[in-house]
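Both of the next two complexes hold chain A, though its partner changes from chain B to chain C.
== the complex of A and B ==
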């Protein structure tokens, strides 16, 4: 056979480049995963409430489930490389009204969880930071301050400042945001590496000694007392069992959900297949490995029984627990045994906690912007600042909503017990079903997309990935539905989700009618021009 | 002149289709699909890449496409790929290994081949447009952009359906006026149609002097106004490599200061722009509503916008992707 050079001829013309690369996407996603929040929540709730569960095994299960969900979203991001996340997917791939309603409920749910993240600034970040500095420098004032700032009013004030600062950052532009994310990532990375190093080099005996010293002003012989007190109150360490381990998997999987958030900025990513692949799948795998590793090491150093007991006591008998909630960075800081080590760890976890806030605002803001460009919201929502070239109104709207949710969460009991994660599961379930059907329902669109290049023997792997994703989402939904601690299915939560979803639908049709009167057919934004 | 004072004038505007056959067809079909009175296709009609397909001596064909070397046995199989390539805006040329070797030796031969293929495709498009627009009550306008060689002017001058409006002021449906300029300011690529800001300013002043009612005038200018947010492009170094900062790709406004100055001074009703594919959006500069629908021609999707003008005002607008 002839050997011919295979190349193409290019002429010099003006070019097109999209802004975010693989590293940006990876950092963005791992920021929303927030390894720090994931570790903190899993270690606080896991051993206390699922005594037979194994954090490393549960983390591995969570990573596997989330991997399949992520794979489905990766296919979507390649098939429809647009900003706006599942709004772009479902409106283009299935049905515009359904797409809007799902996007509405999805953005609502994540903004609500962003309010929760704003409280972590104090409970996972500043609280342990001040407490550990106070303990190791014998400054009782700092310890008292640590206890005070985790109260609702300071949490609201600090959380509001954090959200407003995130909004200001986003207004100044995506480049500054990505730069900020990278700096935060560095600080967060130092924090988690420092934690892992201390977990590696320190023994259980050293932790017990450090803990007893730190807690001496509050509980004599604290380590053993904490365990005994928990047992007295009915908590039991029952040894490993699979049922508790599977149940526990919802806790590491909740932060892993953040690994798919780059679907919100899909239109701003270059080399989508590669960048989203590394960003989505890579961030989930890396975070999963860290969860497994930290889980394994912390059992060895803190002690499985102690972790469960100290967390259990924090609600059942607070006088027999740490003065502030015993989140992982507090225990890791005590393990470090010195100011420098505990500050590095706490700053790292503060960075992890803050990571979530601007990134989730971006997720919601991009959805609002996409609605506006399709004329589903007032034109002002799509207003872009001439100075910064950013959608200022969309950002301000999401910031205000976030602060409102923070207030409701902290001060109104109805909202503090609300769990909206099932709303996201509903949105994902429908997106996965749409993903299975997409190569068959939107044949032309699919054929022209990068996703069709991944077909196996002519069969669309996008459908296979979405099927696997659907199974994973259904398993996760089952676990969440039956776990009152992680989600449950309280009437007020289901009613809120249904109301928001219904409002989304109603809003779509109201706007459609309104635009029709103005001479705009919203449906045109989603229709392909037939050429044959 | 009769002004449609109470009627609605609907304009569909798309731009930067860069040789994509399916996008051109969509532009033609947009008139009836969107029910508009005027279709305007902004600049950059011609494509950027030729895919050479080598006809092998022992039979079969070989070419490079989407990052892969592809070998096919029959012409039928090749045709399937050709449709996809045309859709994406690529030109195709089939030749023997000897012809290929000769062609690769000189830039001039490649330039001539580009010229030949561009002309052929434009001619095909115009025939298609003529056939498809006969029964359509709509005005069709187009113009070349900075990436289009001047040689295409002769080809598009023969169009019976689309009117080349480059460097002119025309009265369009509804009694509105449309001022059009297809070239751009200087680019790092030194593309065929570029002018200095001073020259653009001079041409603009000349054309503006022909506009009778600026408050009913549409500026159809390929290059967007400077620092309008419709002109954000990646910053490049001296070797035309994208500059990456710690926050990702560095971008900068690359629009025309002369165009911005003209808009600020004269405040026309509407500004239709293109050139910067990734700067899709709309802005207001004083009273002028400015829009750049962007372009994703390489996906075979046509990005455009529908603008409804009523009583000398922008009554409504909608970005579409069809």
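== the complex of A and C ==
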């Protein structure tokens, strides 16, 4: 590869004003991290299922592991600053067929998780919002509506609307998308800051009083009853232990994964070294700090035992829990004790939940476009609408797939139990291996890239970062593999991942042959850095 | 376009000839396609073209057009055996097309509606002020003066424009200073960049035209006229507010130059 004549495989352009700056990248990534979803999932699953785990310490461990993974991806984004994410990296750095298959399974997995995010619009957003307004304004109708809205059919309808709106937003163009993200970030920020402020100023006694008042129609003396009921059903708060804490770390790390999603839009980012640095590493550090802070404060105010018990009861004994799933924004809204406070919190968490949807669509859509530009999918996938000037077909395809996944997730039991995060781990593991080897296997491309300027005394730090990233990915994979709640290794999940991966491989070779018959050697494309 | 451009397109005159051929084709197809950039300056400044450095290299031909003519423009270049850079088309959301001639690899960039570099220059209402193969002279000058890091070739182009064309208050074969000063009185960042560039030109021309006092004096006179009009123009409220912040806040957009892709 290092003997490739550069005049053939590298083209230069000038005068490019790219659409995304450091702030856009930071907001994009922190949006996919979705602090709101991260806090909600960690606080719902953590204390209930890992009773000895400490959320603040687990969050710190998660941030550290994810930091090394992010560092590896930051090097990649500097070395190959192009859109399409790990597709661009592995096809150029290791093997084209492998790169395509990994990108295919990676995009599939994240689109599937985007379906999950569409359900959070109701369970983390609208549900708590309506419930808390209903409680504080004594409107039983709103409380009933909150309970109804988190049922599968309303979740599908609202989720579909959310995904379609996200698609329409993307069709209007990336500049509008980045502007929208900034507005959403402001609302989300207000929500999380309001939560933290209430956690700071309120005491456990105040929360107990508010919770008992809010829950009076359902459970008398609710706070203590919830804890007692959980113990009766076998849940025990065992006190801090390291084993549960390390296991718990998978929950904050799953949202932190979003911190690297800007690799999908690498070609649209200006001053890539700085912007991706702030966007990738900055978003993970900031989110990690918020996770630690909220974890610490919520233990003090909600009570460690209560958080575990109320979440445990929501599945083991729903009559002894809140009428809708006790996600963090519901508890924080009750803590606020008034309509204004709870609305600000709920709207913020609704914004956090919605952040995921268009951003993940972008992630998958950019992969689809990258395949199309390398002629691995029909040219129509890269079609740019004359009216909107955006790749409408790629956007519509990802929207339709997302809605299909939402339907499957909500209504087909097989899919509701699928966990595909191991697909991403597989993709990352191979990307890290490719990253270790890239400076040596593709010397010419590496030398011409921004990453080579970061060498330490001639040794490529990109390899070091990818080695550290690989270790972190392997630790994370081990934790996920052995945790049936977060991922596990159920046959149906592994079979699905394997099938999608295999389909990706087969598709690559079918397209390669098809293009060959058309007189096009697609192998040539993989010897150059992909175009903008 | 069927000639062997590797041999002949290395000369600026050949680029100019190709540019005018393409312009002629666009007229024939009733498309308002205008030249911008260094080739446009060449086209408008024949009398003083001798000052162009013999080492000057041209890499491409740049055009400007209205966005509602995208379809016709794409069709024209595809008919002329060019291929479009689909990746750039997607990444820039059709604000710019790049075409490569299938044989010669001659590169054509077409910018739509606005020139969006260090500063934004909206030309949608400007094509009607002058019928010419290029955008109006004032806009051609501004397209150079908006560059934060002026290169020698840009300075050369600005000097050419100042030498060849008078400054006045109309657009007919004239650099419309009234239009420039009104535009910049609304945008402090753009105004500041232009002021900095005028200062750079002032010092550069001293060295550049040491042996040509006539040219030096003409450029100095043009610079002074432009500078005074920029100062005298009544500023918009947002210009005044932005001026208070000054250079503490970045006043221009970063343009990626010579990027490998």
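FYI, the second predicted complex is superposed on the first by the 513 of 532 C-alpha atoms of A that agree within 3 Å, B and C clash if a C-alpha of one lies under 4 Å from a C-alpha of the other, contacts with A are read in each partner's own complex, and residues count from 1 in each chain.
Note that in this section a residue touches a chain if its C-beta (ideal position, glycine included) is under 8 Å from a C-beta of that chain, and two chains touch if they have at least 3 such contacts.
The shown structure was predicted, so the numbers you read here are calculated from the model rather than taken from an experiment.
Judged by the touch definition given at the top, the superposed model places A:83 against chain C, while chain B stays out of reach. In the superposition on chain A, A:271 makes contact with chain C only, not with chain B. Shared-chain residue A:474: touches no atom of chain B or chain C. By the touch criterion defined above, A:375 reaches chain B but does not reach chain C.
Applying the stated contact rule after C-alpha superposition, one finds that A:20 touches chain B and leaves chain C untouched. Between chain B and chain C, the partner in contact with more residues of chain A is B. Once the two complexes are laid over each other on the shared chain, residue contacts for A:193 go to neither chain B nor chain C. Applying the stated contact rule after C-alpha superposition, one finds that A:179 touches chain B and leaves chain C untouched. By the touch criterion stated above, A:389 is placed in contact with chain B and with chain C alike. Residue overlap on chain A between the chain B contacts of one complex and the chain C contacts of the other covers 10-19, 174-175, 270, 373, 382, 384, 386, 389, 448, 529-531.
On the chain B side of its complex with chain A, the touching residues are 8, 18, 22, 25-26, 29-30, 33-34, 44, 48-52, 54, 56-58, 62-64, 66, 69, 84, 87, 90, 97, 100, 104, 110-111, 113-114, 146-147, 184, 187, 189-191, 227-229, 232-234, 242, 244-251, 275, 277-278, 281-283, 295, 299-302, 306, 308, 315-316, 318-322.
Per the touch definition, chain C reaches chain A in the complex via residues 59, 70-71, 85-95, 98, 109, 116-117, 253-261. Against chain C, in their complex, chain A makes its touches with residues 10-19, 82-83, 173-175, 267-268, 270-271, 369, 373, 382, 384, 386, 389-391, 448, 529-532. Interface of chain A with chain B (complex): residues 1-2, 4-21, 24, 174-180, 182, 270, 373-375, 382, 384-386, 389, 448-449, 453, 518-520, 524-525, 527-531.
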